[in-house]
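Worksheet: the structure to be examined is printed underneath.
Order of writing sets the chain letters: A, B, C, D and E. Residues in each chain are counted from 1.
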């Protein structure tokens, strides 16, 4: 279950720009990988130390430094210093409960995104991705160390397919954003399947488990929505912004990601509407079934109560009860109770109560 | 049932502009038809190959290339290349879960619309229509191959009635949009009729089927709404946009379609409000009826329970029970029970419980 | 009951500007009346043919042509042609399910309004009013032929009271709009009275009829709202628009109508809020009453069930039941049941269950 | 109870600017009071006739004419004419169901506000206050004649405390607005107290009276809200408007009233949220209590029904029933029923049903 | 419990700018502390009298005067006069129910914030903090005297860590705002923990206490939200405003606080959504459980009622009842009742009613 609030209290009282890691501490060492490419070629490095990243800093080629795992504060600080990032940026990279946002620091753009991951069997958790986009570099910080969000981008860079190598750092940043939004569609497909399974279950055999599943899905879409809504503005700002770091050729691609984001939001909203409708159906079908049961049982009871009265009458011990002496009295009473019973059943049937 | 999410995962990780068909694959071969017209005349072609389309490319006449069925990716690519469309446009044509949108690529406008079709008996499904509007051409891609959305437009072109031949490609694109919006009114009429039938059913004989029908209609309007809402902005952008491809004479017609779109949205919203109201009525009338039944049955039971107690008293076997020896004791008890029963019935009547 | 959707399908596939009458066809012949006035005098005509209207076309006086009943398409076409109206305007005049709107065609303004009429006893239906405002003319098309919406305006023109004759065609158009908005207040008064009657009914004697009345009122306000909301924008556009056809002196009056419209909308929203509140009260008071009944009945039953058990005990036929032989056994049992009964009643009273 | 709609129908069909009094006609004669002041001194008059007001019209001092009771149409007309007010302004002064608004007529501003009054014991009704602000005059029309809304302002003028005499007519108008908004806080305090009383009642002893009180409070806040919401815009327009009648020194005070208005709106919205929450608590606590009762009663019944069956068995008159002859049969049955009863009670206890 | 409305009536009728303390009067004397610092050093004073504050007024160093406890009106007035604050500012400082706001008085900015405090065990109350920011001074008024909101800021000033001493008064005001927003995260963490505890309770053992806890949390978030929502605008105005009192270097930090505020709002909204969902689950699980109980009990009753009828039949005293004479009649009846009982139990089991 995604936690509602992360432990920010750690940082309370510290001056702004203090580097404190907020979020789950992951096991394992952070991984650093550097790719430097231009139209003609590509070089890959896996340095142990952040200092080695500097070799490409001033070259004409595009450099992409990717850090998986941000709990090594020292590494983040060193990298930040040598690229001259604002302390607040470094602070935000380490605080893993940021909303998606985009900030223009002139020399570079700071973009925060949230990647979705499957945790365990069904749960979806989000991971913070920070992207710093400069004139000739992209630096990305991934919160977690399991699973690389940017594998497909890396592959495309290596193979040199598409136009990715020929276009600049902004196109690389776009490709990374695109990879993340594509990921959302996978999550939506899963949710969509669950919704459809639930709909069948709702018609066939609604139980209190169905209710819990509906609420869980509602909650999941709530968290998904929280991650995706701000993205809309982020990408819109990137596309329409005035930063010279984004070339016009890239803007057309950003518009495409923007469309995808809108589509994701749209689908989330539709899911929510459908889940609300399903909740209504569930509640009314449960109460319907319960009422049917109660009605049936009450009808049964109601038929026998008057009959019990009738036989009670002839259980009385009065000395003078003429019927008791009649030859066919007993059978008459049996007949009468049968008639009353049948008439009541017919009446209830006619009234559609049975 | 329209699926919530289409299988976008196929495309995950591919570079932007990759041509992958997303959506239901339809049987049958795509159809290609070309119409070239100006005020003086009209020519029609049914080429087998996309390459043949080029003959009209640079002529002064308006050319309309209509493709029904987009699952032949090769054809889409070839056409796209010879008209020089952006790869993202071709990608979007093939991804059939686009929201309605309009994109201005300078040389041409790319418009995505959604056509409604009846599937089976009652269901309404949507089909993606992509329209590319250039200076002297309109290229339209219809997702499905059953039913031609633009029959009426074609007929008007052939007959030369109205002003359609005299005005340019933008008027043709308008006519196509108009045909699609007109189509929405048909869907609304159907929904309107269903709503009215349901209202009668609700008064006469509400059952749990009524509930399911209400929810189905709600869901249908939900999907309809999803298709129509963005259209509003699309047409507004066409009308108020600055593209020189849209002439002023056409803008006045676009305003007309815009009005129709607003009217469609308005009616959808009203339907939704009415369906919500009907849901409330259904729920309260069902629970009302159930309560009436329970009340009736409980009253019956309640009348007989005290009576059963009375006759139980005289079923006791005590040696000294003076009443048992009375000559008229039995009849007195019968009388008393009758009186108690009648008094209770009257009391319940007076209290309006019966 | 106002229909949700009118039969627009008739027009499907026709080119824009096709003149097809959409809406209920009314019996009776359309009426044509022409008034031409200036500060010095007034002339009235009742021509049989639209052609006669032309006599006043180019004079300096203000001409008001009023058509009641628009099902004579030929007449509408002829009038439209001689004044040179755009085909889309004529089309819209005939399609009687337009939302209120204002369109500026330069030479003239096209205004669509909706008039309220009482149909039968309680229902309110709306009628489309189209107003065309030119430099020196106003042409109004009323959908229905029963009841003249503009009687009061006509009277004021004839009597020459107020400033109506001295001001131009725009003031006449304003007066007509004002007459329609004034009409809304009548409808609101009726609704207000019904709401107050319902509130009393709700306190005194809520029944399932109350529920239906609440829902009917809700629905009526829904349709009223649909007619009035767009009006707000229409009048605001007239007031703040840049059309030279509206003089500054008239704008101050338009602001007044605008205020009235806001007031109407405000009152509709308040009614809706009140009706929602009443629905809540109704539902909870009904369920309250039902629960009270059930509780009472169950209590009665619950008191007698243990008593019936007690007398059942002494109805057993065991050979050795010492109490049966006791002299006062019978009376002791009667006494015990009475005591049990009274104690239970007191207990239930104390617990406020009875 | 504030009426939803006032009888506007009286005015239907009259030309704009017709002076008709709409609203409750109050007994008693309207009161006229005139105060003329500048920094050096203050003069007070209580003229019988509106004509006397003119003496101060062109002086340099600020004149405040206050009319309590507007049902003397003649007086309003005379005053309006001698100050040259627009007929629509006079019409609006007499129509006492205006929403708060501000209109700039160049020479003067017309401000409509609504004063709250306690009517009877608990109800709050609103009274229309019209303020006309000119260069050197303020004319105020109070709808009612009971209670003077502006007593405190008058006192401050008389005593000469504060800066009120030194600043112009706009500061006087501000002071009057401020007095009205201060009044809202009193109403809010009352509502706040009622809300808190209700909350206690809800915990201690919820009854159907509680429900009605909640609904009444909801309704009261609904009407209060209707009076206050538009005020926000009115004051904002006064503050940010460009009228030279408002001096910069006054604008800072208007910002202060604006803050107060926001605070009032905020508190109203919070009250509404709290009342909605209370309604939910009420409904669920009532249904909880009812369910508890029903459960208890049903349990009692359920325990005795099987016991009654057992004793019924031994009430049968079969010739061969061995148990009946047993010496201790009777006591065995008594023991068995006791055991069954106790076991059932224990079972229900364990299940927490009792 | 935070009160809905504070006693503003005290001030009703007083001229604007009257200094009246509105809010809870706290025991104890107000504390005054003065810190004057520049990059080179820091001086601290604890004067008894507001007059002493003046010594630093015109120096180049930044002066921070912090007042804890504002119920000494005289002190506030004196300070206000010597710094030349507007009377409305002083009035607002004393009225402790202000919403967060920012007002630009040219020479200085007036900022109102609300600090959260834990009161007693679980409740959160808010305290008004007024900050006046000038060119070289910050004056802060804290409503309460328990707990210093700005301890961490003071510590940073004393230690000279970070950039706080080197930057101007605006950075100090930012630091104070930041401290307050950091505080909100602590409150959110608490709420988050309560929400999670409640979720577990809801699954394990929902009781009516759970309901009350949910409503209390809802209410708490309601008040928290009221305090935080306006903050968003306040900080946005500070950041984007044109006041020369805010330097560009500080704006970047304000953007950071702005992000935090958005995050707080976001989390509050999510909590509210989750609490609403929990309320739904609670209500349906309670009604589910109740229905289960009722169903079980009714089933038990329903099984025995027909059986009681059967044994009642053989309790009748008719002379001619052949079965009574049968040797195995009694055992037959016992068998029959057993069979009926078992069949009914099986039937109910099959229908899943038991």
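Quick note on the criterion: a residue touches a chain if its C-beta (ideal position, glycine included) is under 8 Å from a C-beta of that chain, and two chains touch if they have at least 3 such contacts.
Remember, it's a predicted structure, so these values are computed and weren't measured experimentally.
Colleague: Going by the touch criterion stated earlier, list every chain that contacts chain C and also contacts chain E.
Modeller: D
Colleague: Taking all residue numbers at the chain D to chain E contact, is the shared part over half or under half, that is, same or different?
Modeller: different
Colleague: Taking the mean of the C-alpha atoms as each chain's centre, how many Å separate chain A from chain E?
Modeller: 26
Colleague: On a C-alpha centroid basis, what's the spacing between chain A and chain D, in Å?
Modeller: 43
Colleague: Of all residues in chain C, which are in touch with two or more distinct other chains?
Modeller: Those would be 287, 294, 298, 301, 305, 308, 312, 315-317, 321.
Colleague: Listed in ring order from chain B, and going the way that reaches chain C first, which chains are there?
Modeller: Cycle of chains, anchored at chain B and oriented toward chain C: B, C, D, E, A.
Colleague: Which of the residues in chain E end up touching chain A in this complex?
Modeller: Contact set of chain E toward chain A: 151-152, 155-156, 161-164, 175, 178-179, 182-183, 185-186, 188-189, 191-192, 195-196, 252-253, 255-256, 259, 262-263, 266-267, 270-271, 273-274, 277, 280-281, 284-285, 287-288, 291, 294-295, 298-299, 301-302, 305-306, 308-309, 312-313, 315-321, 351, 353.
Colleague: Using the touch rule from the top, collect the residues of chain B that touch chain A in their complex.
Modeller: 3-5, 7-9, 11-17, 86, 88, 91-92, 97-99, 101, 103, 105, 208, 211-212, 215, 218-219, 222-223, 226, 279, 283, 286-287, 290, 293-294, 297-298, 300-301, 304-305, 307-308, 311-312, 314-317, 321, 323-330, 333-334, 337
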